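You will see two complexes here that share chain A, one where it goes with chain B and one where it goes with chain C.
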Partner chain A sequence: MPIGWTDEQDGGTYRLKERDDEALFGYQVGPHSWKKYLHPPRRRLWQAEMRDNHMVIVDDEPDYPRYAFFGVRSCELNAITIQDTVFTSGPYVDIGYRERRKQAFIVVVNCVEAGGTCFCASMNTGPQAEQGFDLALTELLDPNQHYFVVDIGSKAGAAIIKQVPHQQAQEQEHMAAQQAVAQAARQMGRTLDTRDIKMLLYNKYEHPRWDEVARRCLSCTNCTLVCPTCFCVSIEEQTDLNGQTAERWQRWDSCFTADFSYIHGGSVRSSASSRYRQWLTHKLASWIDQFGTSGCVGCGRCITWCPVGIDLTEEVRALRDGEPRIGVAIPTLDAV
Partner chain B sequence: MATKRKPKLAVWKFASCDGCQLSLLDCEDELLAVTDAIEIANFPEASRTIIKGPYDLSLVEGSITTPHDAERIHQVRRSSKFLVTIGACATAGGIQSLRNFSDVNTYISTVYATPDYISSLQKSTPIADHVFVDFELRGCPLNKYQLVEVISAFLNSRRPNVPPYSVCVECKQRETPCIMVAKGIPCMGPVTQAGCGAICPSYNRGCYGCFGPSEMPNTPSLSIWFEHLGMNRTDLVRTFRGFNAYAEAFRKESEAHEKHY
Partner chain C sequence: MSTAVVDPMRSVVYEVQRIRKETSDTFTLELHSTNGSNDFPFAAGQFNMLYVFGVGEIPISISGDPSKHRSLIHTTRAVGLVTGAMRQLKRGDSIGVRGPFGSHWPVEHATGYDVVIVAGGLGLAPVRPALYHILHHREKYGNVVLLYGSRTPNDILFRREVEKWRARLDVDVHVTVDRAIHPWRGNVGVVTRMIPKAPFDPLNTVAFICGPEIMMRFTVLELQKRGVTTDKIFISMERNMKCAVGFCGHCQWGPNFVCKDGPVFDYASVKHFFEKREI
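What follows is the complex of A and B.
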């Protein structure tokens, strides 16, 4: 456990720092989300072989791993719930996702501190996990004792707790846990005003801000790949040199690549402004029409891990009130 | 697959270091499968036996730097059904295109005892500036798995899986946390095409841009961030002036900073 370590996050920066207490979970969300386990970056969908000049599909019997996720934050649990809807509701179920998810055991850690790019409080996705976990821990460090208040969310969670030394929490400990989480909610480094956000983005379809952000946007895909809810993939066909075996692979893709929106004749979204608009509008607006919730859980990864620090909360603020960009002042080439 | 004869492969060298064509011989595990599927008809680095063209697939390494080569590439094109350029020299002019930013004659008179013997073009240019190219395979050097992939795609009449997106995608696939964000190390990854497997960032080094510009490189924005991280203008010019110095996006960016010296 990373005892003695924490992180500092802001637009385009992430730094590990030492801390002088014994906290086990004294840090915020890191570079990777749990997405990489449930929706892996690459996976083979099926394979075929040539046998006597006929193509035969080879049965793949994947051995779905049983995962226990330890230290899931509330925003991330909400992201998993969102991907559950994406992959397992409706007529076309992603079987691989469903099988990996079905067996996953989830231990949540409620946040008692918030980071510089956190805004789960704005998205109603934290810092306290409400449901969907097997166990939820709240870490409490006071001068006299270091302990966890545990909420049991499932029979499997209860079975685990039986095997761990524990005692019934007192009212005072419950209160301390609630207060710690409430403090995190007050510490959010970012806020996002979600009032009528769907129509806001739909109505700002044509807005100069899209070109402004495109001047900074690298179309590098980092925001989408670190996002715990972004789910887009592309399919690749692979063959061996002598044409005897073929495989179909699925890999993460992003609405920021040209090939992702390529159809006959060219890429539908050829400019960075159209790609950024597509991403932000889908994440915060059309996701609601498509899946019934926002696609954003306020984890702040897209802000921290953008190599040039583009901040979606700032972009929404600019679209909402037309105010100039606030935040870190970056020198322009002309000004230096 | 019922083939009448194996397709004939030729490997051609222009101004280059030979590293890319040797990558074909580095394909140790795949080499027997390659020679099973394709006849190596003209590859002087591998065999002194030369089988006459025309060739089904030509791999062209190196850039055009002499009047003689500017002629010879047309002969290569005429004798090739499918022409693939391999490596940064062939696709962007290579490291030798640094001459393009100054006067080549000053180098010639400095380096050679008898400059009269040297016949050189003012600029080092990519193959596609001279003849039609069916496919470009980037990198300094190229990635041997991408080379096998292109040959495999050619043999099976399918599209090669050589995506033009940024190196960032490969960092994320291999789970390397972004070194520019986490350590403040300037990295060319966000404007560089993937293909190497994001090697340098996994060793805490910024990407050098060996695979040339990605599909939509926003080099001005990255430069502003490099300055924000403390890079000076001299280093900005150098950063964009590497193995792919003459690739359009990198060339324009280095020239923009040179003006401000």
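What follows is the complex of A and C.
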């Protein structure tokens, strides 16, 4: 975003606002995350050709661009680490992801202001990036000077810094950076109580709240598309008109569609409530069983970009104490 | 290519070697590799992703004998787009194969036990490899019981083979149909009805169940009624699958990925999810 502009975020709201300083990174995360580079929305896996009635698989020339990501927030860095686990830690490896990731150069910008839908402090994913970056900047604006405190996280990062005018940070500047980030931690627009969250959700499969949220949810899939950890894809077949070549395309998919769980005879999750339940339970509970961490980094995107402002922190609160958010009567009884 | 790991999403081309029509809508394909290396080790209960050119890719269990690596056998019911196109394939046609994937029937852990196999409809295909294995090592198991339910007598899968198993003295085979058609003289009714009288020792039994979810649900109940414990009951699950390797997310079932944690699960560990709807 240009100097002098920032954003204001809340459930279902994203507005630009002027700011009266010269901050370069004076804004929060937008709808796009780095996911679109490492795990592209559409990608051809391979092609097949018919030659004399025999199928031949044609591999694409490997083409792995070298990316430098500039301005990665701590929550997003954590999201990248989560996707690393999904795609590269199992017995099977997504080779494209691994190659793009291996070469990526990451410059973090620690947050000194938190947005209205942020809750990384609750998820232990920010606002300060702890590791996994090449460089981490903290932007400081005081009446006398505008400067960055830089943490060096790798040899590649150190090599870059050598070429940039810099000076050794003083104790006082370190302190200022820490205080600025701590300030952001206190400003989180949202909070999520993660105590025993896995069992909380596993035990609430039959809670009436799911039907209540489903009455508002449009199954539009926005939340999954903006989420930096959501990884689900579908694979589609594309053929040319004369039927001689076929291409296998991978594209982002979403558990909010009925098709997603289709098996012969119908969808497993045919109701919107079961789909919202799947999404939230996956993010906050089953992800822990599957990959050892939460699937949510508290970036707040799904709250901001939900057209009807559904807020997962609110939903968890409602599941926890059975309190309805809006004027709908909900029994407090746990149906489980 | 320089990468050490093979791309798990890439198919290998096989050729249809033999086609057998099993029932009006079900057929068995025997596949051979096109690069000469006809060796395809797999464990009973595992599946492959089969790709039909220009149409798509679907999960199909391997229904052949795991001791015979040389022929790769799948039995499929034509129900839709890809399976329908697969039915049109002829001898010599190409097909893409990825696999084998997933968990398997615990035939090794079942040694020393009575084994009860309960199959419904097409569910006989994914458990057939387990039965082959058990029959090859018959002396290692106690009683072996196959309970098989099919819609009508015409839908009985692997009919001649089932007759052969039935003729053996060391296996108890019981077949039932939902709807009898002349000249059927066998059992009529759901497969679960045969459980109370089946000859096995409940405290010393391992059960393999494969069929529609509703059938598996009632089978588990009947087995439990006889005293079989849930950790000795195994089921095979079906979910939409686009990748089979844990990347696409489609097959999720609670914390499980059916493609890599399943399709075969011990009932005790999935009970919580199996008993709920729309998970």
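The rule we apply is simple: the second predicted complex is superposed on the first by the 324 of 336 C-alpha atoms of A that agree within 3 Å, B and C clash if a C-alpha of one lies under 4 Å from a C-alpha of the other, contacts with A are read in each partner's own complex, and residues count from 1 in each chain.
Throughout what follows, a contact is a pair of C-beta atoms (placed from the backbone, for glycine too) under 8 Å apart; a residue touches a chain by one contact, two chains touch by 3 or more.
Keep in mind the model is a prediction, meaning the values are calculated, not measured.
*Asks:* After superposition on the shared chain, which partner residues are touched by A:Arg269: those of chain B (first), chain C (second), both, or neither?
*Replies:* After superposing on A, A:Arg269 lies in contact with chain C but is clear of chain B.
*Asks:* Could you tell me if A:His282 is touching chain B, chain C, both of them or neither one (first, second, both, neither)?
*Replies:* second
*Asks:* Would you check which partner chain A:Pro41 touches, where first means chain B only, second means chain C only, and both and neither mean what they say?
*Replies:* first
*Asks:* Which of the two partners, first being chain B and second being chain C, lies in contact with A:Leu218: first, second, both, or neither?
*Replies:* Touch partner of A:Leu218: chain B, not chain C.
*Asks:* When the two structures are overlaid on chain A, which partner does A:Leu137 contact: first (chain B), second (chain C), both, or neither?
*Replies:* neither
*Asks:* Just checking: does A:Thr239 make contact with chain B only, chain C only, both, or neither of them? Give me first, second, both or neither.
*Replies:* In the superposition, A:Thr239 contacts both chain B and chain C.
*Asks:* When the two structures are overlaid on chain A, which partner does A:Met123 contact: first (chain B), second (chain C), both, or neither?
*Replies:* Neither partner.
*Asks:* Between chain B (first) and chain C (second), which, if any, makes contact with A:Thr257: first, second, both or neither?
*Replies:* first
*Asks:* Do chain B and chain C touch any of the same residues on chain A, and if so, which?
*Replies:* In chain A, residues 50, 53, 237, 239, 243 are touched by chain B and also by chain C.
*Asks:* Per the contact definition, I'd like the list of chain A residues that touch chain B in the complex.
*Replies:* Residues 12-16, 30-32, 36, 41-42, 50, 53, 215-222, 225-226, 236-243, 251-252, 254, 257-259, 272, 304-309, 330-333, 336.
*Asks:* Any idea which chain B residues touch chain A in the complex?
*Replies:* 1-2, 30, 33-34, 36-38, 148-149, 151-153, 155-156, 158, 161, 163-166, 168-169, 172-173, 175, 177-178, 180-182, 184, 187, 189-191, 214-218, 220-225, 227-228, 256, 260
*Asks:* Going by the contact rule at the top, pick out the chain A residues touching chain C in the complex.
*Replies:* Residues 45-46, 48, 50, 53-57, 59, 62, 86-87, 90-95, 99, 202, 205-206, 231-235, 237, 239, 243, 246, 248, 250, 253, 255, 260-264, 268-271, 274, 277-278, 282, 285-286, 289-290.
*Asks:* Write out the stretch or stretches of chain C touching chain A in their complex.
*Replies:* 1, 3, 5, 7-13, 34, 51, 53-57, 79-80, 92-96, 238-240, 242-243, 245-250, 252, 254-255, 257, 260, 272, 276-279
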